[in-house]
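When the chains are written out, they are named A, B, C and D in that same order, and each has its own residue count from 1.
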């Protein structure tokens, strides 16, 4: 199944399963989504449950929070993660805190689906992801599936979960296919996946960069005879420190790779986990590979220049071998 | 539809409960017994009272930072409110929210809110879920002139109007937003002027007169229940106290504050009416006064005698699954 | 005030420049020669043309994601625009912005914007600085019905109204926001209905008729310059192409798109007028057509022949002091 | 001079110095600010240059961006850092990116002053700071002065600088006094201050936690005979990796302390710097001291429980000695 179709499959399954679930966002209803991610769902479930919104994210994100508070289970799409800043208050001051501020009375079973990621020449305002920001908010959960299988599993888990969860999808992966079929079970939050086992170095990645990391691991094996372990974080909040720590203790060397700027990012948090759990085992400092500290430029050449590729990972690994 | 005598009396009592509760709050704050920020609605009691008198228990409200009145009018227990103000375990929010964040999901109080313009989209969502789940309830949201400048209020009104949802937007106009006057925040004489921009019904009522508020509220609620979409109801009222307790209101024209009780006391207006219409006698009003005084005293006692929240309870309620905080 | 013949002709040429530039853009995109997202304003040329014809060079505009027309009408060079679309070093933004972010500070183009509702507060700020710095210029901001749902548009209108700033809010209503119709986004027949909520003047004009737009714009600009505060000007127009290039508009009623050129072509309307009034002959119009075709061809050539931006130039312009990116 | 008065002093100085400078925010004009931080300035400079805004941060933050783009030098106050989410788009997608997106044509000489910090029983929605979020946005600068001297110096530097700078002040420090007087010179961004020299361990702090760290250092000296070096970051973006690295190489042990949750925070970034610059010198993993992963609770007892105090720092140091 393809990545975009996995979104639709998970939504269909949950809409069918639970009448309290509904899906809304810009152009997700009648037009079926700008990536066909919800095509056919409005025909199947009606305009009340698959709903086109006005182009005001603050309003409909807040409405999702209010609906979640009062018995419904909204799934709301923010078509680009870059639009999260216009509705951020409803996420960080409302959805994330309402249960806490209410002393445990309230539940906010909200799922946010959004499209992040760079590499498509979408320019500075359409290439962001915001996983570090969202992951650092107590009360929110954040997942970033890198495969169609994970899209289905995490989206279902998010919708069935009683807390607000942000599912950050990646635009660059929309056409990616794997052999998953309908019926994937929900995946528990907080479990990373070891995508490739290795002995010499651990490469930690998430979202689209997982595939880049696997490419780098192939190159390292072929060109350097180096056996790299590749960990796909999958879940940003909670983060699977255990899997990271175990791998770091085994290999003694860790490289993280991300497509968002690394200042106070998930790479730094992974490094902190490694330091907490594997300090005595480390043979080299954790290498955090990420773009330089700039917005994402429009031009192809410039965008390619700032984004990490397999070569950047290979170089970082070689530096600590 | 006329107003039943019992309701007229009951609204008086509700207003008195808000007044005495907040006077006590002011005293406790002045004595240094209450932590954090406290915003009082003394002088504005008729607004939440008249609005909530038109509501069913299942209807929901979102309150503001100045929300004690909204929440009491929706039926909250004074003791648990006072305990919350004191940060005690028995408070509505187990001491985690404080004055600015009281909620009672059971009573349909979806929460006071420390962020202007945030409660309005949430209220739209409550109306949306009602429709989706086939529940009859409507949704009410309070906000002031200050908040009316927020994008969230606009987005909420637009959304409710486009989707024809049963939301009553109550614009509680008390003349001020923090330390600055209405005219610093709004360029039109009345927020009713905003309604045409969304194609929704609107009305303005005297927010000092609880029965005028009730009348307006009933009409608005009626429209909502019959599926005609959202309504904007403006209530013009007066803020007697400072923006927060401790604010001495030096920015207000000399003498303005002192004159307010004489000119705009919703309690006097209603008690005069009750006496005049023979609905209550002085003695009956005195009895109410005593009952309310007792309720307040008990609330304070309840708050004081309640156990402190355990410090480590700070770790609870971040997520619903684990009871404890997630990551480190 | 009548419209001078030269201006009538000039506006025709401006519209034609926009049309041909965007037709070429569409062709290049279809051929796979342009990266990223491209939103075209074909069919809407009369709006920016009529508006900008009422402006002085010092006046500023904020444009939208569908901004080529706004920017060309404000005087931009086609070659540098085409180079920007191609991501070349000679583009207005040195290839860093692309179609959605073209700006030319020299021409008063404060930028197209990829975020709905963001340009309006920025435009208010431009008017604010004019007052502060004692400059005569006014500020114009374009937005569509989709963006009108954003809180930023409301906050900007409110702010401009409270402060009586010289801002013209141009609501460019093309019937669609992305893939969904006007009625999904707005609950009133016209955005003019919003103006009363801010106490500002408003008018609606036929956005297919460049002279109607100019008349409306002149009146709005006049009010602004004379210090009467902001104005809302709605222009009803039609979007011929998809939301972005590649969008086949399957969601539109059968036949609607095909009928648009027949019914709503601002170029035909104006050329007919020019011929009828004897302001131009067929031959003169042909000459304009050839001139514009040449300009477009040159622009494409300029773009193609321009050097690629150096990859490491991605590090420039993050901060103004260092020229290079700040932290790692 | 007191911390709150240093704000006023810096504003007065800059308003006097440059007619393009103006100051606006909620209640900063006629009322003189809720902390008296601008008292008297409107009388002195007039309503155009010291301006009360409506209570709509998105609107007036955007207006500040637009004014900055067109020749003015706005200083805008967001009274609580917690309100930054309602106007975040204007910071991250506009102010931070406009210069870049314009290919260097534009300048955005914008200064944002905001009040962050917990510890005042202000509850979950009035106790945030957001330094990690803001610090991780290319194009923005972020400073967090811990003394009245630094308030003056950084505020002046921010106002004279041509790029958008966020000055995050701390509510808990408003009454703090030092011996600074009017006339402090602008302080260059990116230079941390060593507040106390030491040999055995480096404590890195910023904003209010600097004072807590100094208290901890006193206790460590008195109770354990441990000599702690205390570094005040002052500037979050850019971060002074050099000073941090040098101290870490000297002491071999680093503890960071922060009052915001530490997930992907500045502590993690400091740890990453330490790892990059002092890996071979480290005797122990960097300890990141911060509150547990929860919102800030209202009740005094609970708030005290979550916030780090000198005791938390002392314990963290003892753990790695």
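In this section, a residue touches a chain if its C-beta (ideal position, glycine included) is under 8 Å from a C-beta of that chain, and two chains touch if they have at least 3 such contacts.
These figures come from a predicted structure and were not determined experimentally.
Shared contact partners of chain B and chain C, listed by label: A, D.
Contact with chain A and chain D alike is made by B, C.
For chain B, the chain with the farthest CA centroid is C. Chain C and chain D have Cα centroids separated by 40 Å.
Taking the mean of the C-alpha atoms as each chain's centre, chain B and chain D sit 35 Å apart.
Of all residues in chain D, those that touch two or more other chains are 53-54, 56, 58-59, 82, 86, 89, 93, 100-101, 123-125, 138-139, 237, 239, 262-263, 293-295, 297.
Contact with two or more other chains is made by residues 93, 95-97, 101, 113-115, 117, 149-152, 154-155, 158-159, 162, 184-186, 318, 325-327 of chain C. Because contacts link each chain to all the remaining chains, their graph is best described as complete.
Contact residues on chain B toward chain A in their complex (touch as defined above): 60, 62, 91-97, 101, 103-106, 110-111, 113-115, 118, 120-133, 135, 139, 151-152, 154-156, 158-159, 162, 316-321, 325-327. Those residues of chain D that touch chain A in the complex are listed here as 82, 85-86, 88-89, 91-93, 96-97, 100-101, 123-125, 132-133, 135-136, 138-139, 237, 239, 261-269, 271-272, 275-276, 279, 282, 284-286, 288, 293-295, 297. Of all the residues in chain D, the ones that touch chain B in their complex are 26-27, 29-31, 34, 52-56, 58-59, 82-83, 86, 120-126, 262-263, 292-295, 297-306. Note for the complex: chain C touches chain B at residues 117, 149-155, 158-159, 161-162, 183-188, 193-200.
Across the complex, chain A meets chain B through its residues 20, 22, 48-49, 53-54, 56, 58-72, 74, 89-90, 93-94, 98-107, 138-139, 141, 161-163, 237-239.
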